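Below are structures written as structure tokens.
Okay, so chain A shows up in both of these, paired with chain B first and chain C after.
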Partner chain A sequence: MDVLNGWWDDYFWGAVIVAKVFIASLSLMIIFGLLGAAAKLSDNRLAQKIGGAYTVIFRGTPEILVILLLYFGSAIALTALVQLFNPEVRFVDVPPFWAGTIAIALIVGSYATETFRGAFLGVNPGSIEAARALGMSPLQTFFYIRIPEMWRIALPPFGNHMLSLIKDTALISIIGLNETMFVAKQAITVTGKPFTMYIVVGLIYLGFSTIITLTVMGIEKYGNRTTVGAQ
Partner chain B sequence: MSDNPTRPLIEMAAVSKFFGDFQALRNIDLVVHKGERIVVCGPSGSGKSTLIRCINRLEKHNEGIITIDGIELTDKVADIDAVRREVGMVFQSFNLFPHMSIIKNLMIAQQLVRKTPKKEAREIAMHYLQRVKIPEQAEKYPIQLSGGQQQRVAIARALCMKPKIILFDEPTSALDPEMINEVLDVMVDLADEGMTMICVTHEMGFARSVADRIIFMDEGEIIEQASPADFFDNPENERTSAFLDQILKH
Partner chain C sequence: MSFDLNLVLESLPQMLAGFGITLKLLLVSGSLGLVLAIVLLLMRMSGKFYLDWLAQIYIYVFRGTPILVQIFIIYYGLPQFEAVRDSVFWSILREPTGCAILALTLNTGAYVSEILRGGVLGVDKGLLEAGSALGMSARHKLIYITTPLATRLALPAYSNDVISLLKSTALASTITIADMTGIARTIVADTYAPYEVFISLAIVYMIFTLAIQKLFGLFERYLSRHTRRED
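This part shows the complex of A and B:
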């Protein structure tokens, strides 16, 4: 284990970056998923098509490719934009943190779109009718009845999306984000011990996914307090 | 909404409703005054539910005029909301909010729609839970209650909004036989207190003892309207007698 001496703090800061990417991409993933579901469920044909295209594209292409295309694509687009105002600029660098975070949020968000869509359709129409009959507005019904009921249906598959998300953070090392995978690669070039270095990464990710799984189990238990003890 | 004792609470004039090509309501004329207790019966598919669902605009009528306590039901959202505040509804399948405790089920609309402060909403909710005789279930969730208890909660939820009219859409049809009476008892109490009610039901005993007027519908039309005595003992229309023969056979 002596080979690991001197690398612990690099791994630690790598893990901190994984956590940051996870939290940022989780928030974005929920937004993308809800927007995608709203688009697919909307009466507007164009919105339906956009929602459909979103899920087809991001569920149908390799994740690593999406990350690369988004990273280089946004750099090229941004460079072109900046050059409009200042032709002297040669190249604008996009921060890999944000390119990677948005990329994996878009990918997992496309799966979440289907989860949320199904969950919205699973809400008992009788509840919605009762809310309307009590005089609640469509907006109140949406926030107080549909979202909470939808959420309970969506939670188990949503837990899987969270696990996909945490694992996808490892892919972002390819565009130079210094998370744990990136640290491992550096450590390997110095020490020549690939197995040891990758095992550490594996343990870090197992730690993260255990925390996520336990959290989801806790929330599910809380959500299901309303369905236990049924007669 | 001002109280005008002579004005009917519900007025339906030449109301028709279509689902695609199917005509669910044909030329319905109906006037209901304050304190009246109406029972609507008829074979399934005769338009009974559609009729009462048009009264709080869960269904939109296609022809004719519906006026509730002086407000005509049109596409105007403010009018629809105003009508829904005055018209309570109890559904066949209870439709309690599954993610909320019983007390929350009773408080939510008071707080959001009536803007009642939380403390007061809770007091009102407890008051009506006592009226339907299940205050001890306040903190439970709907699924933990029996069907009869859930339906009593649903009635209490409607009462919390202090409606002028309550619509019952086959409130006992989804219940096990031993639970029907506990719900009917609550409804009889309400009737005794002078609540205006329209009740779609097959409970003919309830109809006979509680209703001021029984409406018989078939194929989207009101075939006959009569007092319980006339309705059961001297039905005018053949279809009414045929229906009564069917349901009173056993």
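This part shows the complex of A and C:
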């Protein structure tokens, strides 16, 4: 374990970056998932098509391709855009943090689309009729009936999406994000102990996965507190 | 910034040359992973707490860490130990392909075993009771009742996992393997045309994904042929 001395703080800051990517991509993933589900559930044929294409494309393409395409692709697009205004500019660098965050949010968002869609369809029609009978407006029905019922159905698969998200952050090291994998690579060039260094990365991710799993279990328990006695 | 169709036509055959490697990674680690999954499942069903725990810890570790970390631990990490370099497995672990297959097998085995367990738990208890009433032994019930029914129940989730495995094979490119993604990354490094190369490769993967879905759909239809009503 002596070889790890001096690397702990690097691993710590790497883990902080993993956590940052996770939080940013989680927020985006929820937005993409809800938009996708809204598109797929809408009456508009075009929106349905777009939603369908989104899920087919991002569920059928390897994660690493999406990350590479977004990183190199957006660099080229931005460079072309900037060159319109200033032809002197040779190359615009895109931060790997955002390219990677958006990429994994798009990927996991396509899975979340299906989860949210299924959960909205799983809301008891009787509850919605009851809301209408009580004179609730569609907006009230959405916030007081549909959302609270839907998230209980969506939570278990949504927990799995969060686990996919945290594990996908490791892929962003491929485009040079200085997270834990990147720290390990640096540590290996100095110490020559690849096994030890990557095992630490594995343990950090195992810790993150455990925290997420326990949190989801807690929320699930909280969400079902009103239904426990009824079963 | 324009989409160069000639480049697509030029690079597509080059990338498809790596199709064989992608297919090999998928088929070999897919079938070995299935065997591993069945072993893990039997350990969990054995009723011996130490076997059950061992399998659960294995599944927890391999599902809780990113596949990229697992690949790196095996490819870069294991040679750190002299015992590994002297062992008979060195001929496999020296080759990146061997390491990729090993990592993918260990990873998919953990996921698939949980899917199979879901299938086994879904088998109707009444059928097993009927089996007991007919005087079937535990082994006969496992072979003639649980296995066929659990297979049918687990198949849809299993097909999703095969697709995940296909997407994970793309990560083999990170340890110098020239699969389709590996070749694409080399072409992009030469031409700096990420759009043309990565998008056309993404379409190849999507077609592959759809083919897998179709194949499993047919198999599912075949397995449930008795349950369909004749019109």
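Structural remarks
Here is the rule we use: the second predicted complex is superposed on the first by the 230 of 231 C-alpha atoms of A that agree within 3 Å, B and C clash if a C-alpha of one lies under 4 Å from a C-alpha of the other, contacts with A are read in each partner's own complex, and residues count from 1 in each chain.
Basically, a residue touches a chain if its C-beta (ideal position, glycine included) is under 8 Å from a C-beta of that chain, and two chains touch if they have at least 3 such contacts.
Because the structure is predicted, anything quoted here is derived from the model rather than measured.
Touch criterion not met for A:Q48: it reaches neither chain B nor chain C. Between chain B and chain C, C contacts the larger number of chain A residues.
Of the two partner chains placed by the overlay, only chain B lies in contact with A:P148; chain C stays clear of it. In the overlay built on the shared chain, the residue A:T191 is in contact with neither chain B nor chain C.
In the superposition on chain A, contact of A:G135 is made with chain B only, not with chain C.
By the document's definition of touching, neither partner reaches A:N178: not chain B, not chain C. The touching residues of chain A, when paired with chain C in their complex, are 56-57, 59-66, 68-69, 72-73, 76-77, 80, 163, 167-171, 173-174, 181, 184, 188, 192-199, 201-202, 205-206, 209-210.
Contact residues on chain A toward chain B in their complex (touch as defined above): 124, 126-127, 129-137, 140, 144-145, 148-149, 152, 223, 225-227, 229-231. Chain contact summary for the complex, chain B toward chain A: residues 56, 58, 81, 84-85, 87-89, 91, 93-100, 108-109, 112-113, 141-146, 154, 157-158, 161. Within the complex, the chain C residues that touch chain A are 1, 61, 63-70, 72-73, 76-81, 163, 166-171, 173-174, 181, 184-185, 188, 192, 194-195, 198-199, 201-202, 205-206, 209-210.
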